[in-house]
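Note that subunit A is present in both complexes that follow, paired respectively with subunit B and with subunit C.
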Partner chain A sequence: MRPDTGNHPGTHPGAAVPAQRGEDASIHNIGYRHYDGPRLGRSYARWSLLVQSLRGAYGLGRSAKSKVLPFILLAVMVLPAGAMVAVTVVTGADELPMRYTDYVLVMQPVIGLYIAAQAPQSVSLDLRFRTVPLYFSRPIERADYVGAKYAAMTAALFLFTSLPLVVLYAGGLLAKLGFADQSTQFLQGLGSTAVFSVLHAGIGLLVAALTPRRGFGVAAVIAVLTIPYFAVTTVQAVAEFQANSATAVTWLGLASPGTLVDGIQSAFLGGDSGFPGFHEPGTAAAAVYALVTLALIAGCWAALMARYRKAGL
Partner chain B sequence: MTGGRRHYGRGVTVIATESLSKRYPRVTALDRLTMQIEPGVTGLVGANGAGKSTLIKILLGLAPASEGTASVLGLDVATEGGAIRERVGYMPEHDCLPPDVSATEFVVHMARMSGLPASAARERTADTLRHVGLYEERYRPMGGYSTGMKQRVKLAQALVHDPRLVLLDEPTNGLDPVGRDDMLGLIRRVHTDFGISVLVTSHLLGELERTCDHVVVIDGGKLLRSSSTASFTQETTTLAVEVTDTDAHPDGTEALRTALAGAGLTVAPPGAGGEGLPGAGHVLLVEAGSEAVHDTVRDTVAELGLGLVRMEQRRHRIAEVFQTPGATGATAGTTADTTEQAAEQAAEKSTQKGGSTDAA
Partner chain C sequence: MYDPTVARLTYRALLGRRRALILFVLPAVLIAISVAVRLLVGADDAVANQVLGGFALATMVPLIGVIAGTGAIGPEIDDGSIVYLLAKPLKRPTIILTKLTVAVGVTMVFSAVPMLIAGFVLNGNSRQIAVAYAVAAVAASVAYSALFLLLGTVSRQAVVFGLVYALIWEALIGSLVPGARTLSVQQWALALAEKTAPGAGIASDVGLPVAAVLLAAVTVAGAWYAGRKLRTLTLAGEE
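Up next, the complex of A and B:
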C-alpha cells in the first residue's frame, strides 16, 4: 500500500486534525484514527509470540538467508527416510529397514545441528538486540514469554523429527506392511520424538539463553548435546566390553540427553535399545529414566524463568 | 474519532504516585515520590541515575514498589499491570530492533503482541508508520536504517496499538539537531493530533521546554519540582532591549539607560540578568508595566539616533529553576546535592543556549 492511498471509508482526513498549528501540509498528515476494535489480551499475545517463534525456527518471516539452513537440514533429515521407503517398495521387503523409534536416535547429529542453529535464533537475538524489554512492556508476563518460546521450539523440533516418520509411515503403508503393526509403531515413534523434542528444546533454549552472542550459543548447544553423548556412549562401551555389566550400561545412559531418550524409547515405547549390548533399562531403571527426564525438563523451565527475571526492562 | 478529546476530560489524572519508594540493596532509586500527572505532554527531567527508568518500570507494573502506591490511567500498578500495559505504549532508550526484519513486519508483530487481531495489526501498522514519517523504506530490513529512522520505528511500535499514554525514554538520544527537532515535533503531535498523553524523559531541559505542557523534575529519587511549563517560562514583565553604538553615543547602551531612566522607566542596573551571556553587557532590562513602555523605548532609541537590534519580552527558562533552587519554590530540603545538580544543569544549559535565547 502506498502511503497516500491509506485512506479508508469513513475517514475524513481534514476533520481529524483539529486546528493544526503551523499548517503542516506534509503528505503524512492525513489525520490520526483511533482504534476501537477488540483487544485480545494476554493469551492471544502469547499465541502470537508462539506462532512467530515457530515460523522463525524455519526462517519464515525473516530474511531469505535464514531460511536456507533449516530447510537444508530438514531435507537431510527426510532424505534417508525417502531412500528407505524406496528400497522397501522396490525390494518388496516385509519390514522397513529401521524402526520408527530408532530414526530420531540415528539422526541425532543432524537434529543437534538444527537445535544449535535455531535455539539461539529464537532467544539469543531477542537478548542481543534487546527486544525482550519490548515484549515485557506488552500484556504478557515472563512465564508467557518463556512458555511461548519453549512451546515454539518444541513444536519446531517435533515437526523436524516427525516429518521423516510420516514419510516412513506412508511408505510402510504403500508397501502393504500391515496397517495395525505400522500404525502402532508409528505412534510409538511419535511418542519418542515428542519426548525428544520437549527435552532437547529445553536444553537448547536454556544454553542459548545464557549468551546474547549467537555464535557462542551455537557452539555451546553443540557442545552440550554432543560431548556428554559421546562421553556416555564411550564409557558404556567400556562397561559392556571390559566389565560386561548390563546394569552399568543402562544406568550410565542417564547421563546424557541422547542416551536418556534412547532408554525411554526402549523401555516404554517398544523401541530397540541403541546401547552397546542392546541392554534395555529394567523396571527400576526405567522409572528413574522417566523421573530424570521430567526433572531435566522442569529444571530447564525453572532456569529459563530465572534467566528472564533479569532480562526485563 | 477526533483526536484529543475522546479519552479524558479536563484534569483527569493520567499517572498518580503516593509516597512511592523503590529501594535496592545498596541504592534508593525512588524516595517517597508523590506526584500527579495530567493529560498532555509531560517531561520527566533528571540526571542519569535520578530514578527515571525505575519509575517507568514501576509504572508499567514490571517491578514492585518497596512502599507507596502508584496508578496509571486509574489502574493500580501492583495488581493491574497487564491491563496497564495493554493501554500504555513504551519506547525504550536503548536499541531494540532486530536488524534482519523489516519495520512493517516488526511493528505488525508488536501490534499483535499488544492484542490486536492480525488484520487490524496490519492496518494500524501502515497508518502508524506513515504518521511517524516512514514510507517505502519500511519494507527494508531495519539493519540498514539511520538512527532517526530507527527512533521512528521505536516510536511507531509504542503507538501502534493506540495507547492512551506513551512512555518515551530519552527519545532524542543519539539524534543530530535536525533529527532532534523532528522527533520533538512528532512527540508534540502525538498529543495534539493523536490525543495520546505523553510522558517523556530527558536530561536536557531545553528540549522539554519547547515540547512539554508540564515538567516534573526528580533528583535522587525525590521530587524536586512539578509545574506547568508555562509557569516555568511564562512571559515576564521584563523587556530586553539591545542597541548599537554610534559616534554620538560611543556607549549606546549606557546612553539609553540614562535616557530611559530620565523618562521615568525602571531599568535594571548594569550586569543584572546577564546570565554570563556573551554580549550581556549590551542588553538592557526594562520593567514593562504597560504597552506604552514599548513605545517609549522605541521613541527614546530613535531620539538618540541609535540602531535598535532587538526588543523582546523576556521569558523565564526552565534552567533558572536550578540556578536559584531555594528562591524559585523548589520543594523543601534543597540540599548540597541539589545545588550540585543545579550547577550541572546550568553548565548544560549554557552549552545549548545558542539558538533558543534569540528565538524567545
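Up next, the complex of A and C:
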C-alpha cells in the first residue's frame, strides 16, 4: 500500500492552518514506503534459526577461535576409529576391534565435553545478552525456538557421534568383513547414536538454559552428565563383584543418561552390555529403560518450554 | 598478602545462588552413594577404596576444583568487572593469593570433609582409609585450585580446558597410557594417601617424594604465573 503523496498534513488543501505557521512548519514527505515484498513467515524463520544454531555448534559463522574446540574434539572422536580401521586392514582380522554400538559409550567423556562446550553456546548467550525477546519479535512461537534449538543440538550431536561410525563402516567394507553383517551392525549403531543424541541434547540444553553464565553452564552440564554416570558405574561394580546381584546391576543402570543408552543398545539394538558383568536388561527392565528414556526426553522438552515462558522478559 | 575484602567478594561470587547448589549436590551424592553401598554390601575395605578412589577422588574432587578454581576469577574477567578490582591499590599477587586461598578453602570444605564422612560411613575408618583419602583430597584441592585459577586467568574457555585435563587426561588417557599417570594430580594425591594408610590397598603410580615435589611445584608455579598474568591482562570483548 503506497501512501497518498499529495495528501500530507503540511499541504493539505482543506486544512484550516493558521496563516503564520503554514510555510515554515510543514512536515515533509520523505517517501516512506511500507514493505510489500514477500513475507517468508514462521517456517522460514524456524528453519533459519535451526541452520544458524547447527552451524554455530561447530563454530561456523563465528570467530576462528570458536572453531578450534569443536573441530579438535571431532578429530579426537574420529581418530580412534581411523586407528581401528588401520589395525583391522593391516592385521587382516575378521572383525572390527569394537562394535559400532560400543563406540559412543567408550568415547563418552569426549562427547560430554562437546555437549558441555556447545550447549551453553547455543542457548546461554541469548539469555545472557537478553536477545531472546528479539527472536520472539519475529513470527516464531516459543515451541519454534525450543524446537529449532533442540533439533539443531540433536543434529550436531548426531553428526559428532555418527561420523566415526561412518569411518568404521567404510573401513569394515574395505577390509571385506561381510556387507550384510556390517550394514546391520552399522544401522544398529546409528540407532544407538540417535537415541544418545536426542537424550543428551535435551539434558545439555536444559541445564545450559538454566544457567546464563557460560563458564558455569559448562561445568553444570558436565556435572549432570558425568557424575551420575561415574556414580552409577561405581555402585554397579560394587553390586556385581561384592553382592553378585545381576538384577541390581541392570536396575541401577536407569539412574544415569550414559548407562540408560547402554541398556537400550544392549536390549534393543543387538549391542554388548558395557555394565560390570556384561548383564543385559531383561524384558521387563528393557521396557522400563525405553519408558524412562522417553520420559526424560519429554521432560526435557517440557522443562525447556517452561523455561522460555518468561525468558529474558 | 591476604585482603579480607577481596576474600569476601570471592566467597560471595563462589557461593552465591546456583553455583552453591552444585557444590552442595556433589558431596550429597557421594554421601548418599556411601550409605547405599554400606547398606548393600556392609563394611568392606576394597569397596571403600573403589568408591573413594574410583569415584570421589577421580571425578568429584577435580570437578569441584574446576568450579571453585575457575569460578574464583573467571566470571570477573568474563564480564570485565575485574578492572575495578585491578584499579584498587592492591598488589596483583595479593589478589591472586587471596583468591587462591578462598578457592582452596571452598574446594577443601566441599571435597575433603564429605570424603572423611563418606569414609566413616563406608567402613568406619578401618585401616585409616577415610583419613587417607581426606588427606589426598586436601592435597589435591590445593593443587587443582592453583592449576584451575591459573587457567582462569589465561583463557576464557578455562572451564573447558580444566575439564579436558580432569576428564580426558586423568581419566581416559591415564587409564590407557601408564606414563600419563605421572603427570596427574590425582596420582600425586594418591601417593600421599598410600603413605597415610599403608596396607589399605591404595596404590599410586608415583613415589611419595616425587609426588610431594610435583604437588608443591604445581601449586607455587600456578599461583606465581597467575599473578604475573594478571599484571599484563588484556580485556578482550565477547567473541
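Note that in this section the second predicted complex is superposed on the first by the 274 of 313 C-alpha atoms of A that agree within 3 Å, B and C clash if a C-alpha of one lies under 4 Å from a C-alpha of the other, contacts with A are read in each partner's own complex, and residues count from 1 in each chain.
Going forward, contacts are C-beta pairs under 8 Å (C-beta built on N, C-alpha and C of every residue); 3 or more make two chains touch, one makes a residue touch a chain.
Keep in mind that what you see is a predicted model, and the values were worked out from it rather than measured.
J.: In the superposed arrangement, which partner chain does A:T283 touch: subunit B (first), subunit C (second), both, or neither?
T.: neither
J.: Mind telling me which of the two, subunit B or subunit C, contacts the most residues of subunit A?
T.: Partner with more touched residues of subunit A: B.
J.: Scan A:A116 for contacts with subunit B and subunit C and give back first, second, both or neither.
T.: After superposition on chain A, A:A116 lies in contact with subunit C alone.
J.: Contacts for A:S63 in the overlay, against subunit B (first) and subunit C (second): which applies, first, second, both or neither?
T.: Once the two structures are laid over each other on A, A:S63 reaches both partners.
J.: Applying the document's definition of touch, where does A:L210 land relative to subunit B and subunit C: first, second, both, or neither?
T.: second
J.: Determine, under the contact definition given at the top, whether A:T131 touches first (subunit B), second (subunit C), both, or neither.
T.: first
J.: Contact-wise, after the overlay, does A:T226 reach subunit B, subunit C, both or neither (first, second, both, neither)?
T.: second
J.: Which partner does A:V235 reach: the first (subunit B), the second (subunit C), both, or neither?
T.: In the superposed model, A:V235 contacts subunit C only, not subunit B.
J.: Share the list of subunit A residues that count as touching for subunit B in one structure and for subunit C in the other.
T.: 62-63, 65-66
J.: Show which residues of subunit A lie in contact with subunit C when the two form their complex.
T.: That would be residues 62-63, 65-66, 69, 76, 109-110, 112-113, 116-117, 210-211, 213-216, 218-220, 222-223, 226-228, 230-231, 234-235, 237-239, 242-243, 248 of subunit A.
J.: Give every residue of subunit A touching subunit B within the complex, in rising order.
T.: 1, 3, 6, 8, 15-18, 20-21, 26, 28-35, 37-42, 44-45, 48-49, 52, 61-63, 65-66, 125-126, 129-131, 133-141, 312-313
J.: Can you name the residues of subunit B that touch subunit A in the complex?
T.: Within the complex, subunit B contacts subunit A at residues 1-4, 6, 53, 56-57, 60, 62-63, 82-83, 85-86, 88-90, 92, 94-101, 105, 109-110, 112-117, 120, 123-124, 126-127, 130-131, 133, 135, 141, 157, 161-162, 192-195.
J.: Okay, in this complex, where on subunit C does subunit A touch?
T.: 18-19, 22, 25-26, 29, 33, 36-37, 40-41, 44, 46-47, 50-51, 54-55, 58-60, 63, 66-67, 70-71, 74-75, 78, 157-160, 163-164, 167-168, 171-172, 239
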